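Would you mind keeping the following structure in view while I ask a few things?
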Amino acid sequence: MSERLSVRKTYKLFIGGAFPRSESGRTVIVNDAKGRLLANAARASRKDVRDAVVAARKAQSGWAARTGYNRGQILYRIAEMLEGRRGQFVEELRDTGLGKAAAAAEVDAAIDRWVWYAGWADKIAQVTGSANAVSGPFFNFSTPEPTGVVGVVAPDSPLLGLVSVIAPVIVTGNTAVVVASEPGPLPAITLAEVLATSDVPGGVVNLLTGHRAELAPWLASHQDVNAIDLAGAPDDLAADCARAAADNLKRVRRPAAGDWTADPGTARMTAFLETKTVWHPVGV
Amino acid sequence: MPDLSTFAEAAISPAELRGFLRGLPPVDQVGAEERAARLATRSIKTSAKAYAIDLAISMVDLTTLEGADTPGKVRALCAKAAHPDPADASVPKVAAVCVYSDLVGEAAGALKGTGVGVASVATAFPSGRAPLDAKLADTRRAIDDGASEIDMVIDRGAFLAGDYQKVYDEIVAIKAECGDVHLKVILETGELVTYDNVRRASWLAMLAGADFIKTSTGKVSPAATLPVTLVMLEAVRDFRARTGRQIGVKPAGGIRTTKDAIKYLVLVNETAGPDWLSPDWFRLGASSLLNDLLMQRRKLTTGVYGGPDYFTLD
Amino acid sequence: MSFEYAPAPESRAIVDIKPSYGLFVDGEFVEAKRSFKTINPATEEVLAEVAEASADDVDRAVAAARRAYDAVWGPMPGTERAKYLFRIARLIQERSRELAVLESIDNGKPIRESRDVDLPLVAAHFFYYAGWADKLAYAGFGADPRPLGVAGQVIPWNFPLLMLAWKIAPALACGNTVVLKPAETTPLTALAFAEICAQAELPPGVVNIVTGAGETGRALVEHPGIDKVAFTGSTEVGRQIARSVAGTDKRLTLELGGKAANIVFDDAPLDQAVEGIVNGIFFNQGHVCCAGSRLLVQESVAEELLDRLKARMATLRVGDPLDKNTDVGAINSAAQLSKIRELSDSGEAEGATRWAPACELPERGFWFPPTVFTGVAASHRIAREEIFGPVLSALTFRTPAEAIEKANNTPYGLSAGIWTDKGSRILWMAERLRAGVVWANTFNKFDPASPFGGYKESGFGREGGRHGLEAYLR
C-alpha cells in the first residue's frame, strides 16, 4: 500500500491582504536543512515593493484610527490563530534546521510575544505621553502617534525574530512592508496566512520574500515610506539603506545584535512613534 | 443677520437680538490678555510722553462718587477741573466732572463758562436695581439741573439672565430721555466677568443708542482693566466699520498713575486707532490720576521730580 | 498732532564687544589660524573678528570634550551636575539684559523679543534641565540610563542663545560633554555663554564652542570621536548630516524646516486669531522654523479676516532692533534677504497678490517689510517652500477635511495652528494634523517643559520636556 501523496503549498507574497505571485514571475528555491526542495518561494521585485507601499499607505490612516482596544484585540487574535497552527509552525521551523524542542520553544515565544504586544496597544500612550507643566495659562499635552508606513528588513530568526519586529511596528498604528528572512522565508508566508485570518485589515502588514539586498534599498529610498527598521540588514547594506533613507529623513532603526528571547522593552515601539504636543489656552 | 441700521429705530425681536449677540466672534481670554500685556510694554518717552500726558489730562472725567460728597467738595473739584495746575496755564482743562445726580446743579454752576462738561451718574447708580420710572426720573432730574452727559448703568442681572431685550429697552428709554445729552452706558464689566459678555454688552449698548460705552462704576472690583478696554475698543472699531457710527470708550476705576493712563492711550492708538485719541471719543474716569499726570508733566518740563505737597488734593 | 512714539532705544553701553574672539576649548579661549567678521545686520557695522575653527581645532575641542567626559563630567553624580546647571541658569538671569542687547545687535531681532522671549526661555531651559540631572532614573528610560559621551551640536542663527540652551542644557544634564558650533552670522552670545561657563567654574572641556561656517560644522558632525550629532537648521543640511552618519554608531536628532499651516475657521476668536497670525509669521522677522507661514482661512470668513489682518499689519513697527517699540527687526543677513526677495518675487510672478503696509525702511542694513500674499494657490512656490522671512501666504478652504488635506500636503511637519471656538473640532483637527506641535487658539508658544520637534522632513527627535532627555541617554 502506497502512502498518500501530500498537497504542497505555493508560497506567494502577501500584499494588501491578498496573496499575489511576484509581478516579476521569479521565484527562489527554498530547501530544507537536508537539501530537499520545500518550495519555490516568490522572489519579490522592486515593483512588488512599490505595490506593497501603496497598500500599506492606503491602510495606515484607518488602522491608526482604530481604538487601541481594538488593535489590542486584533493582535491578541493573531496569537490565538498562531496557537491554533502551532504544529505547522513547529514543522516549518524544524525544516530550517531547528531541533524539535527548540522549534516548539520558538513558536511558544512567538505566540507569547503577540500577547505581550497586544496589551500595549492601549497603554503605550500613557507611558510615553505626558501632560506638561508649562509656565503659562495653557493646557499642554504630548501624545505618541504612529510614524506612518514602516519598512522592515526582518532578521534571520524566521518566526520569533519576525514577530518581534512586526508587532511593535503595527501595535501603535503603523503599517509595515516587511522583507522576510532570506534563508527562512516560509514561516513568514505562513504567518501571513495567520494575519489574513485574524481580522488584521489588508495592507497593515505586507510581507515580501526574496533577496534583501535587492529589496531593502527600494524600501529605504521610497519617498512614501516614513521609517525603516534595518534589523536584518548586514552592516554594509544597512549603511547604504541609511544613506538612502536620508533623502526624506526617514526614521532609521539600525541593526543591533540582540537576543530575541529577551524582554523586548518599549524601544522598538517608540522608535516608530512621533510625539505630538498640543497647546490650548485655559480661560473663561 | 439683522440689518444694523434699523436696530436703533425699529423694534427687533428678542430672539433676533439674542441671535445677533451670540453670533459675535468669541474672545479668547488668554489671547486678549496677552495682547493687552504686550501693548503695555510700549515705551513712551520724551516728546511722546509730553503729548500723551496733556492728552490724558484733557480726557479725564474728574470724579467724586461718595456718600460723603458735599457741595463744597464738588465746588473744589470743579475748580481743579477747570485749572488743574493753577501755576501753569498751559495745562489743559479736564473733559468733565462726574458726580451723583443730586449734585449736578452745584457742579453746573461752578463750571459755567469753563467748557468743562458735567457728567452725572444716573439710573440707580451703581447697582442699577430700581424700577425703570425711577431711573428715568433720576436721568431727567440730572439733565434738568444741567448735566451735559449721563453715565447710566445697565441691568447686569437682566443681562446675566439672558434678558438682553430688557437691557436694550432700558438703554433706548434712557437715550430717549437724554435727547442730545451724551449717554455713556456703564457695563460694569467686573460683574459680567467674561470677555464674551463684555463684547456682547458693548454691542448691545451701541445698538441701543449709547454714545459712549464705559467699563465700570468704580464700586466693583475689578474695575477698568487693559484687556476689558481692549475688547471694548475692538467693539467700537468694528461697530463703526459696520454702521459708520463712531462710539466713545471710557475706562473708569483703578486708573491711578500716568503710566497706567499712557498704557490706555497706546491701547486706543493701536486698537481703535488715532481717530479715538480725543476727549470726544475717549475718557478716563478717575480721581487721583490727575495729580500724578500733573506731577509727571512738571517732571518733564522742569527735569526735577516733584512731590505731592505741590499739587492740590481735590 | 498725533501720537508718534519717540525713539526709545535700549542702551548699548551694557555690552562690551571685544575686537576679536577665539575659540572656547578646554576652558580657555584659544586662537585659530583664520577668522571671519560678524556684523550687525541692522547697520552692516562690523562687530568683531571671530576665530574660524579648522578641522584640527575641532579635533582639539572633541579631544577636550572626551577627556572631560571620561575624567570629570561622566563620573560626576547627577546632584553635582545639577548644581552647575543651576549656577549657569542664575548667571544667565543676572546677565540677561546684557545678553538680550548682544543678541539683538548680532542677530537683528527686536529687543522686545530678545528681552521678553529669548532670554527668559534660555534661563528657564537651564533651570528645567538642571532639575533632571539627578532624576534621570525616573524619566522612563530605564533604571540606570547612561550618557552617550561627546555630543557635536550645530545650531542656527535665528535664536542663537535659545538654540544653544536647547542643545547644551539637556546634554549636560544627562552627563554628556559638548562641542557646539554657533551659526557664523550670530556667534557672539555663544561666546558670552562660554564666559558664563567659566564664571560658573564648569570643569574645562565640558562645554567647547567652536565658531565657523559650514566647513567647521562638517568637521564637527563627521568627527569620528563624537557619539551624538544634534542639528537645528535647514532640511537640506539635515539630509547631508543624516547621510554622513549612516553606517556609524552616532546617534542623531534633527530639527529642520517647516511650512506650517495656521488654520482659521469662521467661528474663531477673530481678534485673537489675527494676533496669532501676526505672531505666527512676523515674530522674529519670520526667521522661525515653526512659523505659521501658510494661512489657511475658511472661505466664509476670508475677506473679513484678511481686512483685519492688513489693518493690524499696518500697526507693526519695523526698524531699529534696539528700539523698545520695534515689532519687526532686521533680516539676519544679506543672503537671507536675497532669498526672501527671490521667493517673494516668484509669488508675484506665479500670480499671487502681494500686499505690505507702507513702512519706511532704514537705508543701511537688511530689511523686508511684513508682507502677505493673497490669491495663493497650493502649487505656488510661496505655498510650498520655506521662505524664513516675514512673508505670509494666504489660502482658503471650505471644510475641515479640506483644511487637513491642505495642511498636511507638504513634506514638512513641524507645527500647525488651529483657530476655532469649537472644542471637539480642535481635537479632531489636532489628531489629524501631521505636525509635532499643534497650537490651538494660540501660536508660537515655547516652554522648556514642552516637547518640540517635527514629523516627516522637519526632522526627528524632540527637544524640551522629559522627551528631550531621550536624545542624550542610552
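Letters are used for the chains, namely A, B and C, taken in the order the chains are written, and counting of residues starts over at 1 for each.
Basically, contacts are C-beta pairs under 8 Å (C-beta built on N, C-alpha and C of every residue); 3 or more make two chains touch, one makes a residue touch a chain.
Since we're looking at a predicted model, the values are computed, not measured.
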Using each chain's Cα centroid, which is most distant from the centroid of subunit B? A
Does A-B or A-C have the larger number of C-beta pairs in contact? A-C
Nearest to the mean of all protein Cα atoms is the Cα centre of chain C
Distance from subunit C to subunit B - Cα centre to Cα centre, in angstrom: 44
Distance from the CA centroid of subunit A to that of subunit B, rounded to the nearest Å? 69
Note: subunit C sits from subunit A at a C-alpha centroid distance in Å of 37
At least two other chains touched by the same residue of subunit B: list those residues. 28, 30-31
What positions in subunit A touch 2 or more of the other chains? 136, 138, 281
Within subunit C, the set of residues that touch 2 or more other chains is 441-442
Residue numbers on subunit C that touch subunit B, as the complex places them: 1-8, 112, 116, 267-272, 275-276, 315, 324-325, 421, 441-442
Contact set on subunit C toward subunit A in their complex: 124, 140, 235, 238-240, 242-243, 245-247, 249, 254, 256, 411, 426, 430, 433, 435-442, 445, 447, 449-453, 455-460, 462, 465-467, 470
Using the touch definition up top, name the residues of subunit A that touch subunit B in the complex. 136-138, 281-284
Note which residues of subunit B are touching subunit A in the complex, please. 28-31, 33, 193-194
The subunit B residues in contact with subunit C across the complex are 25-28, 30-32, 34-35, 41-49, 51-52, 55, 234, 265, 269-270, 274, 277
